[in-house]
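To keep things simple, chains are lettered A, B, C and D as they appear, and every chain counts its residues starting from 1.
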Amino acid sequence: MSDTYTLYNSTVMDHFMNPRNMGDLKDADGIGEVGAAACGDIMKISLKIKDGKIEDARFKTFGCGSAIASSSMATELIKGRTVEEAMSFSNQEVVSALGGLPPVKIHCSVLAEEALKAALEDYQKKRPSVPAPSRTTQLQPMAV
Amino acid sequence: MSDTYTLYNSTVMDHFMNPRNMGDLKDADGIGEVGAAACGDIMKISLKIKDGKIEDARFKTFGCGSAIASSSMATELIKGRTVEEAMSFSNQEVVSALGGLPPVKIHCSVLAEEALKAALEDYQKKRPSVPAPSRTTQLQPMAV
Amino acid sequence: MRHVFLDHQSTTPVLPEVFEAMRPYFIEIFGNPSSLHQHGLRVRDAIANARSQFAALINAESADDILFVSGGTEAVNLAVKGVAYANQRKGNHIVVSETEHPSVLSSLEFLEKQGFVTSKVKVNPIGWTDPAEIRAAITDKTTLICVHYANHDIGTIQSIAEIGTIATEKGIPFFVDAVASAGWLPIDVQTMGISLLSLTPHRFYGPKGVGVLYRNRRARLVGVQHGGVQEGGRRAGTENVPSIVGGGLAAEIALREMPIRIAHTAKLQKRLWDGLKNSIPYIKLNGPEPGPQRISTNLNISTEFIEGEGQLLLCDMNGIAVASGSSCVSKSLKISHVLAAIGLDHALAQGNIIMTLGKDNTEEDVDYVVESFQKIVQKLRGMSPMWDEFERGIIDSVIKPAGRGKSFSEHAAAVSGKAAH
Amino acid sequence: MRHVFLDHQSTTPVLPEVFEAMRPYFIEIFGNPSSLHQHGLRVRDAIANARSQFAALINAESADDILFVSGGTEAVNLAVKGVAYANQRKGNHIVVSETEHPSVLSSLEFLEKQGFVTSKVKVNPIGWTDPAEIRAAITDKTTLICVHYANHDIGTIQSIAEIGTIATEKGIPFFVDAVASAGWLPIDVQTMGISLLSLTPHRFYGPKGVGVLYRNRRARLVGVQHGGVQEGGRRAGTENVPSIVGGGLAAEIALREMPIRIAHTAKLQKRLWDGLKNSIPYIKLNGPEPGPQRISTNLNISTEFIEGEGQLLLCDMNGIAVASGSSCVSKSLKISHVLAAIGLDHALAQGNIIMTLGKDNTEEDVDYVVESFQKIVQKLRGMSPMWDEFERGIIDSVIKPAGRGKSFSEHAAAVSGKAAH
């Protein structure tokens, strides 16, 4: 076979094969770990925040290719944003940046949003002056 | 295509393609015409009988290949037999002589037996001294 | 000996280019489309392409409206049962024309055992279903209307667009069995108001082993072959990839060549019927005259005083492949229900021959058939007691009654002791 | 890059000689077997020959006991529904093992809506159905017992002959789904007491588009695809002649080569599992150990702390084609019901990978897979929060519990706010 056939588009495959920001952050300012009840995926995002700005982000994901790609993309997108901006982050951004996901895999991008929001919540818990992030979905993320 | 594929075996095909004794007999001593209710076939057998012996037999058939072959074969088999012998003629003889017929076509051989018996009946009606032929099947042939 | 295939209604050979398109999918590209690796993903693309090719043939709104099944019969079964079951809460009544293919009628018989009710709408003597009678048969429990496009036996073209208008107006799903017409008649499911449509490419130079059910998204349908979630959950089972790929290409070619194929077969159809009727007495055309009411590929004739199987066999021995709706030819020993539905005399039904033309038939083929068929009829009439009795004035002709003797059927009933069926 | 196809359970490529056998049936010998002329009669012979070849593969009493359908799924649907409907007056109860293929279970769900009742017999932790439990489930209303021969996911071989003895003793038809085993396990329907058996040649180097239902003459069966009177009235629809012909040859070859194929795959199966378990920690074999209780082609493993789709995709990117029963891989987002039935922890079901061997796999292939898979697991564990948390003692391993931390499932439930399913 000459061509390569893929389940996901090339952007998703690239983020799955070469994930950006994979790992943990030492001394993270906020950590969120969430799970998707639908399929059992688990995603963890760690943030380094300085002067109200996300300086660095890392992820770890137990899940399918699109879950890994979604967390990779989400961390990419979020870096450099203010906490305020990040609070209105939506999974749609991940989907568009990835050039689309199969319908059955959209929940992976939701998981990335949830992990990010959980990390921001965790950050706020430690710094109660910051307002809570807004929710764009119904899922209940949970910080650990 | 090199070979010829046929619905019936080569004996049946031969009797269908080159029927023996096809036609009518002038001044026949007995004529039987019967129809198969099952499929609408019609068969007519004419006999020339002399000194209690079938000297000649002819058929005409409206019906499928196996009906034509059955009447051809039946007239062949019956020629030279005494009326008495002919009275116990059975469709099984036709089937064996033809080397077999598809199950759904066995009724064609029955029709040949019936046509023959009807012709013998017709002959007897004209010569009441001869005993009636024995029936091996339940079908009701009818002389015309 | 010349070989003339005149049984294109039963099946057609695969086009060489269609075979070439299929070839790699047996050995090299052999994957199961459900697999998530290279082998599976690669054939998914091929199947998606075929879906678009079939969608184009019938002008479907979307390739997603094309479901792949194993053949024409399965497409019909899925349409009829799948819609009936899906709408079970709304109603249990189905309106159908009486000359549908057995796949439609037997599916309905099965459903009747489960409490569904069908209304069979009669056809006129050329096999045409009056849309007004379809409308009249509809009740508030009707959940499906089934009318085929062209009849498989006698070639009658039904008034699909008119029936489609009625169905749309009433909001009832309309299923059109186009197995005998797809590839040979233009189809536009959108303008014709068709909700579901069945076809199979082995009727237009594509492979066997695949059928298509078109269904628009407004028509509810549940699967009837259960198992995996192939075809959006509406048809379980590993897809027959090579046939799907080949069928798609056959559909593309059929769409492109349709005008040529129709014109060619229409010309031969006329030549054949003219030749036969001018050289053989007591022969009748069943169904409409060649023209806009009849599919260009089909001729259905009855030769009086002789039976169909004999004609078929002698045609075959002369290199001519034909079919017959006579009872001797059917496995059930019954005449074609279509011939019965148009009220054809039993004697004529017995003498039935069906000749169906294809793109590769020639004028020389047709002339050879006319010449051979004339001799065949002559030979069989020479063997037939009925012809003899007709000539002797004992029985009369149905086709051209001369007012003498009794009818063939009366005669047959008398000699068999039973009415013909 | 090396290419290793390890998904023979999903489908196999057609053998070159099988393709050659099929080739003439597309263009030259294209007839419809229902036709009474040369073209039809010629393919009848070919189909009869294929029937004998399939009969030999399973030692059927007679070639007449072989029915051709469109695939494995249709064979299963016909067996289950066809026997259920045919015996409807005698009873409405069906006994089935809970690890049957979805084609069996979904057919039964459909029947349940129509008033049939099924008893699902549990399997033990390696997926084996105890014949005693089958016996215990039988009632005087039981009209069918369904137990597959080898499981499609975990390769467990069922005690068919023992269940056959029970079925024979009780006079109940016994249907064996052999789609995952025919061609790879010896089958003797006569000595094993099998009344009906399903198979499809695309699992043993034959074509797609054809399935076989064996049924002995004592088993009553009605058709479920309605229409023409093909296959003795039990399966309507124009036959897929090329696939039938090719399938027959594939069956003949499979029978001849079976001992070699079994020995070869059994050796590779052992080498592969040994290689994997020796190089990768926290990996588990699902189903029986390689040996007489497991089909020689199947390995089903769970790699802890990582998910199946990622493993599958990385395998694919390394040229290795595999399958997975994880929920992310299924269209329904559910883990394989077989893994659920053997009580596999959800975390392990998520990490599931199915590798199925074929006759053309080599030892080099196996060694390449072991080497690559080790790296793949390492890469994915490096990305997995679970692996990290396991290493940090927050969660425990299911495969080798160390008595520390909570379980993966507890953890997953905690972070998702819901129990895993």
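Observations on the structure shown:
Just so we're on the same page, a contact is a pair of C-beta atoms (placed from the backbone, for glycine too) under 8 Å apart; a residue touches a chain by one contact, two chains touch by 3 or more.
All of these numbers come straight from a predicted model, not from anything done at the bench.
Computed from the mean C-alpha positions, the centre of subunit A lies at a distance of 57 Å from the centre of subunit C. With centres taken as mean Cα positions, subunit B sits 90 Å from subunit A. Averaged C-alpha coordinates give centres for subunit A and subunit D that are 38 Å from one another. Residues of subunit D in contact with at least two other chains: 36, 38, 309, 313, 329, 331. Within subunit A, the positions touching two or more other chains are listed as 1, 7.
If touching chains are joined by edges, the resulting network of the protein chains shown has some other shape, matching none of path, cycle, star or complete graph. Working note: touching chain pairs come out as A-C, A-D, B-C, B-D, C-D. Note for the complex: subunit B touches subunit C at residues 1, 7, 16-17, 19, 22, 24, 33-44, 60-65, 67-68, 104, 140, 142, 144.
Only residues 1, 3-7 of subunit B touch subunit D when the two sit together in their complex.
If you check the complex, the residues on subunit C that touch subunit B are 3, 305-310, 313-314, 317, 326-329, 331, 333, 346-347, 350, 382-386, 388, 411-418, 420-421. Put simply, subunit D touches subunit C in their complex at residues 5, 7, 10-14, 16, 19, 22, 26-28, 30-32, 34-40, 69-74, 76-77, 101-104, 106-107, 109-110, 114, 200, 202, 207-210, 225-229, 236-243, 309, 312-313, 315-316, 320-324, 329, 331-332. Those residues of subunit C whose C-beta lies close enough to touch subunit A in the complex are 36, 38, 41-42, 44-45.
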